[in-house]
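Dropping the structures in below, format is structure tokens.
Here come two complexes built around chain A, the first alongside chain B, the second alongside chain C.
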Partner chain A sequence: RGPAGRGMAAAAFERRVLRSAAEHHYLRVRLELPDGGARPNAAQFKQLVVTALRELHGEVGAALPVDVLTYEEKTLSAILRVISSGLVKLWSALTLLGFYQNRRCAFRVLQTSPFLLALSGNSRELVLD
Partner chain B sequence: QNIFTVCFSVGYSVVALNHVIDFKEKKQEIIKPVSPSELFPSLPIVQGTSKRIKVLTRLTLVVSDPSHCNLLRSTSANIRLYDIIAVFPKTEKLFHIACTTLDVDLVCINVTEKLPFYFRRPPVNMAIDRGIYFELLYTPAIKDSTMRRYTISNAISLMQICKGKVSSQSENKPLELRGPYDVANLGLLFGLSEGEAKAAVSTNCRATMLHGETRKSACGVVYTVKKPRKVEEEETAVPACKKAKTQA
Partner chain C sequence: HAALSRRYVLCEVVSEDPRCRQCIEDRVLGLAIRDAITRVHGDYGLACCSISFTVKYLNAYTGTVLLRCRKDSYRLLCSALPFVRHLESRGQRCPCFLNTLHVGGTIRTCQKFLIQYNRTQLLRLLQNCTNEEERQCIQKSLLSCSLTEEQSESGDEEDDDGTE
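Entry: the complex of A and B
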């Protein structure tokens, strides 16, 4: 029980809180096209996203830097990356999109996160007993 | 049937089946609501939890004449069977009546056309005090760009007046349904803050459900939750004690 700890200087900690510091937001989306027509390929998918932005937010919205990181044509699901300040615009544009080449469609946003790693696990798919 | 599978897959935990009555047609009778257990033998489970989806019944009355409101005052047994009652006023006077005296839970606002009346602050404030929420359909915004403009402009003017006491509603086709977080994001477009937008899909809807239960029971609703540590003590989780106006 000696003054063991007191001889050392107390460790200095500094606390930093970063709010909204992530530069990009990632979205996992799936396009639902119920009729069995031709499926869009990656370029057409990107074109569709840009069209959605243009329809809702105009030219400025269409100029938003959006990247399609992965795209699976079989399931029509993709991971998009967008600048954090543009998340609301992109998400609302995808929500309000109704037609692809005059076919009814719907975008379902499955997951969204400022970290790409977080998109790998989806707690909604857990089956609880 | 199809819509519900979509609803469940998208992540809603409570769904209300809507039955619309339009009084312009002759001799509409309020029929008994179809009990949800007849439609689905077993309700699927909400994503990510282990509870089942709740299905409620709801009635929407499209009123364009004050005499239609008499139905709400009548003691028709079938009205009492619905969990939530909504009214869709078509004129300013009816809007005023709906906000101040009618015994409803929701007031629907038509967003697809230029509103024939302006919202005035006094009846809106009275409605909020009574616990009535306003409701918007978001499906027209998905279909057509003209409707989109009207929807957004009407929604923004509604938000400015009613300080965000809004809940949202969808329509019939399964492809026009959007997930709860998507709809909350749309709330951001309409001028709500983030907390209000999420509340529009979650808290306000739950408040409407409780209001409906309050109306049915004529007194008040107290939800109690047992605290895990002290078993004898009970704590109110959602104190929603409101006296519903008893109709003469």
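Entry: the complex of A and C
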């Protein structure tokens, strides 16, 4: 409650704290394919993510709304968007994925945030001259 | 001390195929349900639900099945039951579906529900009788039900007359 001042009615204010209110979570991930074979294109990348979800979490997991916002075939890195309630399922599925077309692979999650803007800067890869 | 809570799911196997009765076995059903959980909820769901999952009771005549699972994963189990579509046994594959009747915390509550449910089912079957013969048959078998005192708690099997 704000203080009442000089005979005026007290200005009432209300404080609201929203925890985990963001609708989506964003992940910057990189796929590591140590063998020098053909790289997946964007559609194959999305298929790989959905396959990972289907293996660990079944049809319910595969139906999770996941979007590939950006994808770079050269570096095999992408920004994924997932509904906040599905973050744990997606991250665990990416962690436990081991094979892409019978080739060994691994997903590295570089950054994650409920705000897309936060993924634009990465203090880990910051180079100080 | 967190007590080990379990949930008991009572369901019935409904099928138009008369050979389905032979397929209703605990191993067959257990496999079919585990397969459905794997399809719907993946490896994680299967591992979650498999902890203390068993088929506790089966009645092939009425198609009643009692399943047991952990309290934490009964929702995974219940949501996967509609995806059981066939029962495979001895090379036979019968289409069927599982109808969930009741979820209880103990076997006793499920038993109480089942007794009540069977009573109402018998009444319904009696009403749906098409001819007098069937009616007499049902009435006779009902009146001849008895509770044998030797066994600890088993009552008489309340068979239906097979016309589902």
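Going forward, the second predicted complex is superposed on the first by the 113 of 129 C-alpha atoms of A that agree within 3 Å, B and C clash if a C-alpha of one lies under 4 Å from a C-alpha of the other, contacts with A are read in each partner's own complex, and residues count from 1 in each chain.
The rule is simple: a residue touches a chain if its C-beta (ideal position, glycine included) is under 8 Å from a C-beta of that chain, and two chains touch if they have at least 3 such contacts.
Given the structure is predicted, the values throughout are model-derived calculations rather than measurements.
Of the two partner chains placed by superposition, only chain B is touched by A:L97; chain C is not.
Contact with chain B, but none with chain C, is seen for A:S123 once the two complexes are overlaid on the shared chain.
Contacts of A:R108 after superposition: chain B is touched, whereas chain C is not reached.
Touch criterion met: A:P34 reaches chain B, while chain C stays clear of it.
More residues of chain A are in touch with B than with the other of chain B and chain C. In the superposed pair of complexes, A:E55 makes contact with chain B and with chain C alike. Of the residues of chain A, those at positions 55-56, 92 touch chain B in one of the two structures and chain C in the other. Touching chain A in their complex are the following residues of chain C: 37-45, 79.
By the touch criterion stated above, chain A contacts chain B in their complex at residues 32, 34, 55-56, 88, 91-92, 94-98, 104-106, 108-109, 112, 123-126, 128-129.
If you check the complex, the residues on chain B that touch chain A are 10-11, 45, 47-50, 141-145, 148, 173, 175-179, 181-183, 185-186, 188-189. Within the complex formed with chain C, the chain A residues making contact are 53-61, 92.
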